[in-house]
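Two complexes are shown next, each including chain A; its partner changes from chain B in the first to chain C in the second.
Up next, the complex of A and B:
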């Protein structure tokens, strides 16, 4: 399977009466975006109103509470469309050609679960901890209808769909724009791969998806990941919108949709493909709340690694706490099949960094990359403008009573910052 | 907490869903429970059936508490 990504570099976003991409500037008619979002019945039923804003790198702007970040794209050649099974009809994606509006994102914000959303600062010390401060962000703030508190699952669904629809609308504007650059990615069949690279180690990516329920969910071709069995994807399917975030969970290490679209493990394995290793495929596996599910899913990860005759696997986790057990079960069982592993995780080692970093451990998990310590404390100065609201800063995971100080600054753990300790290694924190 | 209470000489049963973590942290008597968001109940059951389930779990925990163990033990049945 072969996918070509054509990158259209976006260097500015402006509101306009006409929506288009011209010379790197995205012009957006916010009313047209709104109308497109409200075409969905669930959005109509649950979202009282939308407001729109633009946040640019370096501006004194704080976006909170952030739900999801999405990169606008459009399928220009080949089967399928963006967000198959959710926005586009179900069809296998990952081949043909897709245009990407690079350098920008759609950010959805507003109250859902409040304490489980995040902060994106566009300048100051907080900006260093989130990759999204470097993007031009088209921010959609959603306001729920009365009585949503008893229907949070329905409301989360509506805001998730609204964000994906906004990204679809904007992505469509890139359909007839000539990309500034392009790249191709190809995965061969099993036998072809062995014949082409007989001497290279066979490596797969075991991609763990948050699926604890209670608004901690990921969707694969529209299927709730907690109802899936461990399975195989072409890496380009992930790059082409097959996996979506439905997560309202600690901001620092949840994988937003943008992370799935731009998974750095996939990018790096492709960069090494045919040189130092043979990148065989992605194995996706969930992180459920029943022990039997954890056992079954990790059994299947190990079984697939053996069946594919892998030499090595890179395993990335999402979230923390009980998913540490999924991570360790996967690692241990895959190692026992004779397949070498390296895991990517993050740490909750206490504010002083002296506590045990993970809830579970095993001697076989002896190759670990960390995305940083989520308990590290940071002071975020007051910024001139807030997109969204500061109502949840004290209660957000990683905040505490008094986090929002009288002078408008925030003292909190970096857990509150969207993407700060990302376990795909998307951000820059690590340790040696 | 399990280890500190046992250190004070009082036996403890750790009722939990993710028993591997309980093993890693060193609990001696472990009773597996239902699910992480609802360890001692199951909202999928009727209230009557759920009460039976809950009583069973507590009885199992009491049995574990009064059972001598040589090593870390998970009380599966």
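Up next, the complex of A and C:
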């Protein structure tokens, strides 16, 4: 399967009466975006109103509480469309050609759904910790209808769909734009791969999907990942929008939809594909809370690694605490199949860095990459403008009573920053 | 005004002699001696070795108490901003002396300390207590070790926060510190895997803590004749926490008599634990330490006897090593008291 990504570099976003992409600038008619989002019945039912804003790198702007971050894309050749099984029909994606509006994102924000939504600062010390401070962000702030408190799951769904629809609308604007550059990614069949790269070690990416439920979910072709069995994907399917974030785990280590679309493990394995290793496929496995599910899913991860005759696997985690057990079960079982692993996680070593970082451990997990200690305390200075609201700073995970200080600054753990300790290895942050 | 530093070295680096002179007693000299020169040079006048203490390695090992007392007295009188020892490279007794005298100066005088040695030096056992710069295994590594120690020493004197161990060159001391790597995590992971696949050395970014697995004892055949103790890491203590067990990262445990206590009332007991919502434990401490139910079992003859003492600490962020130490100690007491089994509750 072969996918070509055509990158259209976005260097500015402006509101306009007409929506288009011209010379790197995205012009957006907010009313048209709004109308497109309201075409969905659930959005109509649960979202009272939308407001829109634009946040640019370096501006004194804080976006919070952030729910999801999405890169607008459009399928220009080949089967399927964006966000298959959710927005587009369920056809298999990952082949043909997709245009990407690079350098920008749609960010959804607004009244909180769970306790675990985040902060994106476009400047200052907080900006160093989130990759989204470097993007031009089109921010959609949703306001729920009265009585949503009793229907949080429905409201979460509506806001998630709204964000994906906004990204779909904007992505469509890139359909007839000539990309600034393009890249191709190809995965061969099992036998073809072995024949083409007989001497290279066979490596897969074991991609753990957050599925603890209660607003901790991930969707694969529209299926809630907690109702899935461990299975195989072409890496290009992930790149083409097959996996979507529906979760509200701590902001620092939630994989937003943007992370899935731009999965760094996929990118780095493709970079080595055919040189130092043969990148065979992705194995997706969930992180359910029941022990039987954990056992089944990790058994299947290990089984597929063996069946694929792998030599090595990279395992990435999402979330912390309970999923640490899934991470260790996967690692241990895969190693016991004779497949060498490297894992990516993050740490909760306490604000003083002295506590044990993970809730589970095993000597076989001897090659660990860390996204840093999420408990590290940071002071985020007051910024000139807030998109969204500061009402939840004290209660989101990583905040505490008094996090929002009288002078408008915030004292909190980096846990509150969207993407800060990402466990796909999206960032350079680490710890020793 | 420059910072004042006292330097500790052994007889070899003071040019007194090798093994044959290792018996020499501690001696105080003004200014720098031997490797202190390299430290002074690196500090460029911002700090200065004002005194050097020379001590034979065997002397320190054989007269540790006396040597420490004498050296502490000298260091105290110098009112230094920093005490620095070594580097000891792979010299075992020298490394032991450096680490232990540093620990004493840090604990007794509250002066910042720093030493340096090879990672396998026995003195490095104290790396979680004393800041130790990692050096080569022989004195040939002095040219690298002295500037590295001088740089970290300056940070300590200025009170600047430490960077991660790999940035500032000290041995991992169990305190996790964030920093920005040059490459993103995914790339580091792929590179690490390639090394692992090719059987090349690689370094994990998080060495797994070794979990101590304790095999359960054999089941008790007849509970009705057994003495059962109840212990907890849930922090239940007599009201007022008389032994001041910390709410997090506990440094000790408590031993309390419950002979004649039928139930733990909210007037008499509470939790010291800072890691969970204490409301329900304080309302009814039996929820964490189930004395009430065990008394019922005792009356009904289901168990022989509830042990007269319970042992308690706070598990919240408490180091595994500390917890193990507590249990090793009170397990002996339980054994001596003839206790047959223990119910351990956590929160």
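As a convention for this text, the second predicted complex is superposed on the first by the 429 of 432 C-alpha atoms of A that agree within 3 Å, B and C clash if a C-alpha of one lies under 4 Å from a C-alpha of the other, contacts with A are read in each partner's own complex, and residues count from 1 in each chain.
The criterion applied here is as follows: a contact is a pair of C-beta atoms (placed from the backbone, for glycine too) under 8 Å apart; a residue touches a chain by one contact, two chains touch by 3 or more.
Here the structure is a predicted model, which means the values were calculated and not measured.
Partners chain B and chain C, once the complexes are superposed on chain A, run into each other and clash. After overlaying the two complexes on the shared chain, residue contacts for A:325 are found with chain B alone; chain C is out of touch. Contact with neither chain B nor chain C is seen for A:181 once the two complexes are overlaid on the shared chain.
Here chain B and chain C are compared by how many residues of chain A each touches, and C touches more. Using the contact criterion defined above for the overlaid structures, shared-chain residue A:395 touches neither chain B nor chain C, since it reaches no partner.
Using the contact criterion defined above for the overlaid structures, shared-chain residue A:213 touches chain B, although it does not reach chain C. In the overlay built on the shared chain, the residue A:49 is in contact with neither chain B nor chain C. With both structures placed on the common chain, the touch criterion links A:355 to chain C but leaves chain B unconnected. Touch criterion met: A:294 reaches chain B, while chain C stays clear of it.
Within the superposed three-chain model, A:425 lies in touch with chain C and out of touch with chain B [touch as defined at top]. In this superposition on chain A, the options for chain C are 225-233, 261-269, 297-305 or 333-341, and chain B clashes with just 225-233.
Under the contact criterion defined above, the residues of chain A that touch both chain B in one complex and chain C in the other are 361.
Those residues of chain A lying in contact with chain C across their complex are 128, 201, 203, 264-265, 267-269, 271-272, 276-277, 311-314, 316, 340-345, 347, 349-350, 352-358, 361-363, 365-373, 376, 414, 422-432.
Chain B makes touch with chain A in their complex at residues 17-21, 24, 32, 34-37.
By the touch criterion given at the top, residues 164-167, 172, 174-190, 192-194, 196-197, 202, 204-211, 249, 317, 319-320 of chain C touch chain A in their complex. Across the interface of their complex, chain B is touched by residues 212-214, 289-291, 294, 322, 324-325, 328-329, 359-361 of chain A.
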